[in-house]
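The next part holds the structures, each set out as structure tokens.
Shared between the two complexes below is chain A, which has chain B as its partner in the first and chain C in the second.
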Partner chain A sequence: MTATDVLTGRPTQAAPVLGSRPGLGAALRWETRKLRAQLRTKALLIGAVLVPIAVVVIVHSQPRPPKDTLFGRFATDNGFAMALLVLGFAAQWVLPLLTSIVAGDIFASEDQHGTWKTVLTRSTSRSTLFWGKSLVSIGFALLALLVLAAATIAASVLIVGHQPLTGLSGQTIQPQSAVTLVVASWACMALPMIGFTCLAILFSVWSRNVAVGIAAPVVIGLVMQLVGALGGIESLRPYLLTTPFEAWHGLLAEPRFTGPLLDGVITSAGWSVVCLVAAYLVLRRRDITGG
Partner chain B sequence: MDDQLAVDAVDVVKAFGSIRAVDEITIKVAPGEVYGVLGPNGAGKTTFLRMLLGLIRPDSGTVRVFGRTWAHDGIATLDGVAGFIESPAFYPYLTGRQNLEGLGLLDGGARSGRLDEILEVVDLAGRADDRVRGYSYGMRQRLGVAASLIREPRLLVLDEPANGLDPAGIRDMRALVKRLADSGLTVLLSSHHMDEVEEICDNVTIMRRGEVAFHGAIAELRAQAPDPGYALATTDDARALAVAGRLPAVTATRAPDSGLTVTGPEDAVSSYVADLVRDGIRLRAFTPTRTPLEQLFFMLTDTGVRNEEVA
Partner chain C sequence: MRRFIISVIAALAVVLAVSGAVLAGTGGGSSVTEARLERALPTEFANLYSQQAKLLGHRGVTPASLHAKAMCDKGGAVEDNVGPGSNWNCLVSWTDPNNPMPPEGYGKFELDVHSNGCFTAGGPSKLVGFQTITDTRGREVANPVYEFDGCFDPNGDNTPTGVRFPSVLNVTTTALRPDADNRVGLQLSCGTGATGCQGTVTATAGGTTLGRQPFDLQEELTGTVSFPTPVPAGATEVTFTIRTDTGVGPTSPSTLSMPG
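Moving on to the complex of A and B:
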């Protein structure tokens, strides 16, 4: 054998110290690569483009508008109203589902494939892997929201038109400010969507089961909506993670009110932090015995 | 630095509920050594290796790897360490190469060109761009070795690397481990095959139900080994048994199904066989049952009977 070994490619007695320790960047790159290699990621993003276009086309072709939903009355002849109608619908379960398909899977799939032992015996710590996975999930949630919003707004405006919009207080909103308000309303979904992402992360870590990680946040979202719709529990409403999904209503009233938006920021941030910290602690303490 | 132990585990304990999977185990592996941890199913080998790699935490005791501990050094404990636990697992939707590249990322980046060299070494170069989903068991096992080698380790931890492989696969895997060991790598290997450990290792710890049953050099183990045993079938087993009665150095008993089991020093058994032939008893079968070391292993781990039935 020479000083440098053929098989191991290094001086066999070299000190076992790494030159550069991989950081969060490496974990982010790795998780992104895996996500990109999965069919479901592409399917979700393509769906986020095609489904809203189909919905807009179908609603637009109805002889009578869906009167009993918010902005439904104007949706067939006003593109902005159409985009807001789709937003109201998406907030019910589409957004939680969109994010949990990735976030609910990203930890539990390591259990499913038995790969925890594979990744945890490299040079990246559990914590770094945790934050890498979490940030990639959040990144995906925002990307999916962006794609869904862009497709919905573009399809609505192009197919239905950009007539002046009638606001929630009956006021007329000129197209220029209507565009801004519609975009802002969709943007308001970002924080509660991050909240649902973190909830899915928690279930993914805790249950170690992909199906639970994906389904539980959606079911919890539906239950919260049901609870929120019940009378007599007004004190509970601000704490529900589904309440921030409705905070955009204030933007379309006259005068505008942003109280629910601020509350929504706090609620979403609270849920996100609690879920992430809990998930982090569970993963940190866990014995990796499977796989 | 080089006189520092590669592995220095002292009084390590890990219990799962009421089962003490690892019960005050002490194992020391010097750099450059090839060390075997041997034991039957459930002895606690995997549990010990998991603690070494930081996958589970010991209840008590300390595990040092090149002088580092998980409590103090965190993931840096694994610098210069690689290996796999049970069968290696990969992402089925990625190709073999993509899996290795990704794991290389988590190592801080693999040297360019290194990947191809290693794929060549483990004989996967031709299939590297196929998805792991379609890999055979043996290919996955070899990919596991490749994933370990890209870390350019000084200590290689292998948990039953030949498990589940066909005879050719076992032979190749052993040859590979030997080559790695010859190159100066420290190897810590678990196995439930005495012959594997005997062939590859310098030192061995035999575990039984979480405890140490034997600890020392293979040479010491050989010295303790009992006489070899043979399975014998003759034209007249009753008379053959009587012949054995005349030879004090040879013990013959009726085997559970048919034939005889004979133990004794090689010379004595040879003369016994000669006696049989002289007495007109013809041999229909004469096969070594297990090597003396295997025999010792079963004696030490208390599972002789059960394993005999299985075998």
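Moving on to the complex of A and C:
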């Protein structure tokens, strides 16, 4: 409870007597600590290291390369192609799932455990808590992407090798530039992944249900992919959050094109802002007294 | 939970309304167009073909020396050349002294084009070889031009390239089936090309001319030319001579034997 001036409605200088509320830093620290204590967080990060290694080993041992995905036809004998094959596959549903497991849970679990009243009355304000939880979710998404990318690229290059790569215009890319392009392609996933994190936050706040928070973004991602792949309704593509996941193709072409990347920045930012603002408004207006 | 479901339904309605408005406003325009494919495919093919030449030990082949050009078409004459699909065909011509072009001057590539601007192209094995080739060191290696993936810029140059190739006309009848009056017909197919196939077919059997019939086929269609005069009794074969005004036809007459 903060003492407020009756006339101005602002907190008065007398407030420190009651002890100032912890700021965003404390909320961030606390949410990070909660996240670190969870088994699933550790499991996800360990999985992000081990699963790509297993995938690389298995695909590498196949007698016939998986030609139906981009770069699949070179994946069994080119490490860079392998890293890009795994990227194309991860973008389909692995990345949205990876971030939703944390972001879709972070608000709804307070509902599940009935702890909203406790955290809000004893420690911090709603908006501080909202931004704290959101920033921690985004931070986790970026960390998971970083771990997955590093494990995939390292495993691909070490297990399959670093031969010159054939690009999407048939050009030969020397290993030195191929490394840069593969890393850049993985980095392009960051913004749409933040977009999916914000989507998961919205569902987590809105549904108050952990299952919905985790599953809805993944399902919406798959639906958006389907819509984006259909002919005749392609003018919707720029508005879909899954389109930026494919923007890296331009980096591997000759001449390089970055139009889809710039469009992807706008799309991802748009989705992120809209979802975060909507989630914020829903949380602000919620009646939490029921607990 | 009930409130949540109601708001989800409301949100879905808003999403559908907005996407409907976007579609109505833009007409569902696709970035997959003939001109973009006609630019991307020859560039990629030339790069990969010179890679193949290096594997085969052919000298003097560079992406620039090939002068590769393409004409792309989706689904024949009945469909607009725009949008994703697995029914894209591209006719590609190039210059390689080690491997001359057929009389029509091009090879036909079959493409599966996706809405994101990426495609898988399959080359004509007559001209580019099969899935594996034997390199200069005697190893079996993957043929880079047999099948390949590529992507074009969805915002790239969309002005028409103006590359046009004629259709190839083929006789598809393999055995004559005379009707009750002993009259015969010939089935023709017109391949992918700019203008379709027009011309005449003359049929002769044992010194008798069965007729001289015109044909006019659109690209990627087949048609049957029927001859009014019956095949004289005792004639064992019929010779068809095709003259094409547009399109590239067979250079020598085709002879088919009568059944029985």
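Note that the second predicted complex is superposed on the first by the 267 of 291 C-alpha atoms of A that agree within 3 Å, B and C clash if a C-alpha of one lies under 4 Å from a C-alpha of the other, contacts with A are read in each partner's own complex, and residues count from 1 in each chain.
What we mean here is this: a contact is a pair of C-beta atoms (placed from the backbone, for glycine too) under 8 Å apart; a residue touches a chain by one contact, two chains touch by 3 or more.
Please read these numbers as outputs of a predicted model, since none were measured by experiment.
Legend: residue contacts after superposition of the two complexes on their common chain; A:Y239 is shown touching chain C, with no touch to chain B.
Judged by the touch definition given at the top, the superposed model places A:S207 against chain C, while chain B stays out of reach. Legend: residue contacts after superposition of the two complexes on their common chain; A:T115 is shown touching chain B, with no touch to chain C.
In the superposition on chain A, contact is made by A:R33 with chain B only, not with chain C. Here chain B and chain C are compared by how many residues of chain A each touches, and B touches more.
Look at A:P63: by the touch rule set out above, it reaches neither chain B nor chain C.
Residue contacts after overlaying the shared chain place A:G259 against chain C, while chain B stays out of touching range. Chain B contributes residues 1-2, 16, 31, 50, 53-57, 66, 74-76, 78-86, 88-94, 98, 102-103, 105-109, 111, 114, 117, 121, 147, 149, 151-155, 179-180, 182-185 to its touches with chain A in the complex. Chain A contributes residues 67, 70-71, 73, 166, 168-172, 206-209, 212, 228-237, 239, 243, 246, 249-250, 252-254, 257, 259-260 to its touches with chain C in the complex. For chain A in complex with chain B, the touching residues are 1, 5-10, 12-22, 26-27, 29-30, 33-34, 37-39, 113-126, 129, 287-289, 291. Interface residues of chain C facing chain A in the complex, by the touch rule stated above, are 1, 4, 7, 19, 22-23, 25-32, 40, 43-48, 51, 83-85, 114-118, 142, 144, 147-156.
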